[in-house]
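As written, the chain order gives the labels A, B, C, D, E and F, with residue 1 at the start of each chain.
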Amino acid sequence: MPKTIFVINPNSSQAVTDAFDEALNVLRIPGGPAIKSLTLAEGPPGIQSQMDVENVTLPLVNLVKSLDSKHGDDAGAYVIACFSDPGLHAVREATSKPVLGISECGILTALTRGHRVGVIAILRTSIPRHGRMFGAMGLTERVVAEVPLGMNVTDLVDTDRTRAGLLRAGQQLRDSHLIDVVVLGCAGMAAHRAWLEQQLGVPVVEPTQAATSMAIGRTLLSW
Amino acid sequence: MPKTIFVINPNSSQAVTDAFDEALNVLRIPGGPAIKSLTLAEGPPGIQSQMDVENVTLPLVNLVKSLDSKHGDDAGAYVIACFSDPGLHAVREATSKPVLGISECGILTALTRGHRVGVIAILRTSIPRHGRMFGAMGLTERVVAEVPLGMNVTDLVDTDRTRAGLLRAGQQLRDSHLIDVVVLGCAGMAAHRAWLEQQLGVPVVEPTQAATSMAIGRTLLSW
Amino acid sequence: MPKTIFVINPNSSQAVTDAFDEALNVLRIPGGPAIKSLTLAEGPPGIQSQMDVENVTLPLVNLVKSLDSKHGDDAGAYVIACFSDPGLHAVREATSKPVLGISECGILTALTRGHRVGVIAILRTSIPRHGRMFGAMGLTERVVAEVPLGMNVTDLVDTDRTRAGLLRAGQQLRDSHLIDVVVLGCAGMAAHRAWLEQQLGVPVVEPTQAATSMAIGRTLLSW
Amino acid sequence: MPKTIFVINPNSSQAVTDAFDEALNVLRIPGGPAIKSLTLAEGPPGIQSQMDVENVTLPLVNLVKSLDSKHGDDAGAYVIACFSDPGLHAVREATSKPVLGISECGILTALTRGHRVGVIAILRTSIPRHGRMFGAMGLTERVVAEVPLGMNVTDLVDTDRTRAGLLRAGQQLRDSHLIDVVVLGCAGMAAHRAWLEQQLGVPVVEPTQAATSMAIGRTLLSW
Amino acid sequence: MPKTIFVINPNSSQAVTDAFDEALNVLRIPGGPAIKSLTLAEGPPGIQSQMDVENVTLPLVNLVKSLDSKHGDDAGAYVIACFSDPGLHAVREATSKPVLGISECGILTALTRGHRVGVIAILRTSIPRHGRMFGAMGLTERVVAEVPLGMNVTDLVDTDRTRAGLLRAGQQLRDSHLIDVVVLGCAGMAAHRAWLEQQLGVPVVEPTQAATSMAIGRTLLSW
Amino acid sequence: MPKTIFVINPNSSQAVTDAFDEALNVLRIPGGPAIKSLTLAEGPPGIQSQMDVENVTLPLVNLVKSLDSKHGDDAGAYVIACFSDPGLHAVREATSKPVLGISECGILTALTRGHRVGVIAILRTSIPRHGRMFGAMGLTERVVAEVPLGMNVTDLVDTDRTRAGLLRAGQQLRDSHLIDVVVLGCAGMAAHRAWLEQQLGVPVVEPTQAATSMAIGRTLLSW
């Protein structure tokens, strides 16, 4: 029986989970791993500060431990679907299964789609937090610019405003920073990837798709 | 009908192709992309110099163009199964399908399995060539050491000698360079991954598996 | 009235707190900030894993909030006295007072005492965790090597074994890695700084002293 | 008896010395190290070229040697109060006391107050000189931008023009380069730190205060 | 008898060869190495894609081998006169004589003429290709910006349009990116170096001159 | 009339000047720039500390100014022949002629002869000084190791001891650090380059030859 990949939204916004879950449909194949999207009940509406990150870390660890305990070998991999990769390294200590963060995998995937990588953050205050993370990954040489939308996670339900912001940010990355590939810096933008890619004419990476797509292979490999 | 991932061995050693092809079985799933391993007829027995890299580049481009032309949308992705990633960027220009190199994907995958990455090269003369490549990737901060086996690609059929060399090199990476994860720096070591991981007690990444595993998701996403 | 610097040991080993508290005596001056060492009751005996880091993060935030609330402007600064700098960025969000981590300040201070910086970790498993942290700081170019003692935090009470280990690690840093300055990579080694410096003949930085020393000035500046 | 920290202005502009000396008052505490500001008589009105740097190097070494000889153990530390850190490493060879440069300490302090660091230089021609220095420090990853005022050191006495320039430069760093913390790249801007911080709404580091503040702790530690 | 330096234009545009050949006159001295400019017959009109790079690689190797065989010790050095340094490392394997690329030598020379290096590319699509190359060289810290002309190699015969573009690009590098030295990122701009330097007031490096100039010394040294 | 390149030994050891002067003979060609080696009378016997560097800086500037004034346009370029590149940036401000440092040019030349660069220093205490310099150059990614001889400049007259030390250091760089090219980290080793290259079987760069060789072309170009 195929194993299950658990894609966990650390914030409590079901709309975010629903949007990326729909974007994951393309990755669901008959004999492949099941992909199950979960919303962390204890999460805030959006992960927008370091404190938000810390608040969901132990709940994420506990959720993974509980899923691991309940599903045993049927649990194939875990994806943490927030662009701050909250608790990534702690969750890795808590399970022997592959654990992937969408920030990490979004950037790693972008590295194979273009040389100069640009990121669209939701808020300006996300940028230093992401900067610490990219630094920890040792990838600052390739992530050449990040620009903010200036919108809260919960504002992303406003499609028109979100798309206007994404377009403006993407154009700035493309035209001022000369990036070759854009990474969407929040799990809540999944519905707009294809649209933005078409608008900008440069590849756009949706990080939850990127991470779940990597999780399929890792589940099959069991490493 | 599922698409096909073409995994191309740029050297002409069928034994290398056979060995990684067997290692790819775990990635073949009903309903998932077919995975077809090919050997580049024009290739040398092993890619061991920059000249070897250049000699296979145009044949690789032509092979991919021909596969693309023959299979159309049924061609899902291409994997270049040589740790020098020969022709990677030229092939990317030649097709709109995802193209992944095993060096690139081996390292990117390793980044999610440990902090300090070590590589086992076949020959000492491979190390500067890999160094240019890791530099181009912007990943030198995380690839902390590379040690050579001192064996030609064709020597790798000698299992005993290969395993003795892998063990010695892996121990040096683990004990002297304090690496957390090992990447096998040649497509011809696929049969030894699990064995080496068990011997060393640290994760070992087989790069053709890593790249093909990423290619599955990318095929499904069509990006 | 002088303000107070709170130096918080996130682990529950009072012996560690006592040792660094004594090392802080030299920083206690009549008209200067008071320096008060605290032990986090909720902490584990030692912070030795990412999970340990996460487990103390919210308690640290809560402790600082509570101190801030109780002492108001009399609280001058906070020092997090664990070389993993647990919760550093979350605590910074929780208070307007200066918050300093001993890893960060230990390294920053070392940068002014020598060019090539070496770190002595307690455990090998600390090294990748520190590596992520130094990467986040953007300081990997200067931190050229880290070697482990192979001792738990609680083992550090064994002075003879600790000193033997420190000497061996320090000599390896000095003689094999050609470092110019050593940073003690744990708050529990404070009693051995002067001894090790004398033995090695190169500067040795004790990070709790380094951070508290920086906290004095920052308390006076109120930034 | 408390030791003395000597803060040496390598240029001969007494107005610069007076301004930072006043800014150091907050660091003068009963029982703490005395802080004595000096002006290097041999210095040019401002250090604005590499030649200016070289011209003050030997006089700085000689001044420190003479102070060391005169004050013996009562000399606690030396601060070189010019953002080019002239003679820093030579002075370190000339005395066993701590020697701190304001550029080095300004940047190191900034690293604890924000992730992306921006610097305001006086002149555009200072930027490559600073670039060499930040490169030597290994800190280029964090110092993301530097913008010039386009004013000579001696022009800084014109408060209105200086503040207008600082505001414009600070806004450019904040809004175009998305920096999180500003470092004043000259010892002659000390009177404007608090004002600029309030105007910009991001932390502003005055480097002579930063270095002297670090010198207090280092004097107490005697390292 | 003086040896000969062969400067090979990998594209087939004789106008490009003629222009740089004229610029090399200043390097032709009575007792020094002869400098012979060649046009690769098999080359495309301009090297503007990775595929163009790969297409000229083997012809370049073969040309050098044939020159080496024909001229023996009279062949002093080879310069590959295209800013993508096509085949550089393969040609190095094919001959024991010094082989220099104009991109590499253009940047290396620029490092001695200013701190912050800026490059003018012909096309925006050249920038990621150059980025991989600068990364392989390990020089990304110093090459701070690259801006495109938006002109094909063959368009460069239009002097007015080329100069207008160079001026605009150079001003952007100088005024927005604060570079100290400009490198012309194509062998086809040789006629405009002195003009652009005068217009911009910052040093401008013509890379074929830079590489050939280095080749003179290397020919004399025979290494 | 050909211009003159002045190669200035900043230390007063005529034996050092004589040795590199002889090594420069190969660069003296009819019709090419004259190459004149000078010894700085005011220099110490060897540049072995930062203080030594500073002590020769103003004399170097003055010597270049005086040569410039005396020779006018007949002075083609200046080479500072000490591996600490003393006064390099100040001398560049003092003349409009090209000024090259042997450390800078030794490393830049090495970058074209191998990927991983290793340096042989005279003294261990030179290594941090060189480290600051390589950092300022932005070249730390390629300079992977430096090992000391443990000999003073003046000891280098002892050929047997010097060669024994060079061989041991070179073997360590080649075998432990896997370097591809060695740079001699002192102007006083010029007589041993060819011998060491033959012994080691890897390219060895003599930095005074490297810099003077670059100065020939730069003199011809007048930039």
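In the analysis below, a contact is a pair of C-beta atoms (placed from the backbone, for glycine too) under 8 Å apart; a residue touches a chain by one contact, two chains touch by 3 or more.
Quantities reported herein were computed from a predicted structural model and do not represent experimental measurements.
The chains that touch chain C as well as chain F are B, D. Where chain D touches chain E, the two copies mostly use different residue numbers: shared numbers make up under half of all numbers in play. In terms of C-beta pairs in contact, the better-connected of the chain pairs B-C and A-C is A-C. The chain with its Cα centre farthest from the Cα centre of chain B is D. Work out the mean CA point of chain C and of chain D, and you get 26 Å between them. We define each chain's centre as the mean of its Cα atoms; on that basis chain B and chain D are separated by 51 Å.
Touching of two or more other chains is recorded for residues 129, 132, 135, 137-138, 140-141 of chain A. Contacts between chains, counted with the stated touch criterion, involve the pairs A-B, A-C, A-D, A-E, B-C, B-E, B-F, C-D, C-F, D-E, D-F, E-F.
Residues of chain D that touch chain C in their complex: 2, 26-27, 29-32, 98, 100, 104-105, 108-109, 111-113, 137-139, 141-142, 203, 205, 209-210, 212-218, 220-223. Within the complex, the chain A residues that touch chain E are 114-116, 141, 178, 180.
Across the complex, chain E meets chain A through its residues 124, 127-129, 131-132, 135, 140, 146-147.
Residues 49-51, 53-55, 57-58, 61, 87, 89-90, 92-94, 129, 132-133, 135-138, 140 of chain D touch chain F in their complex.
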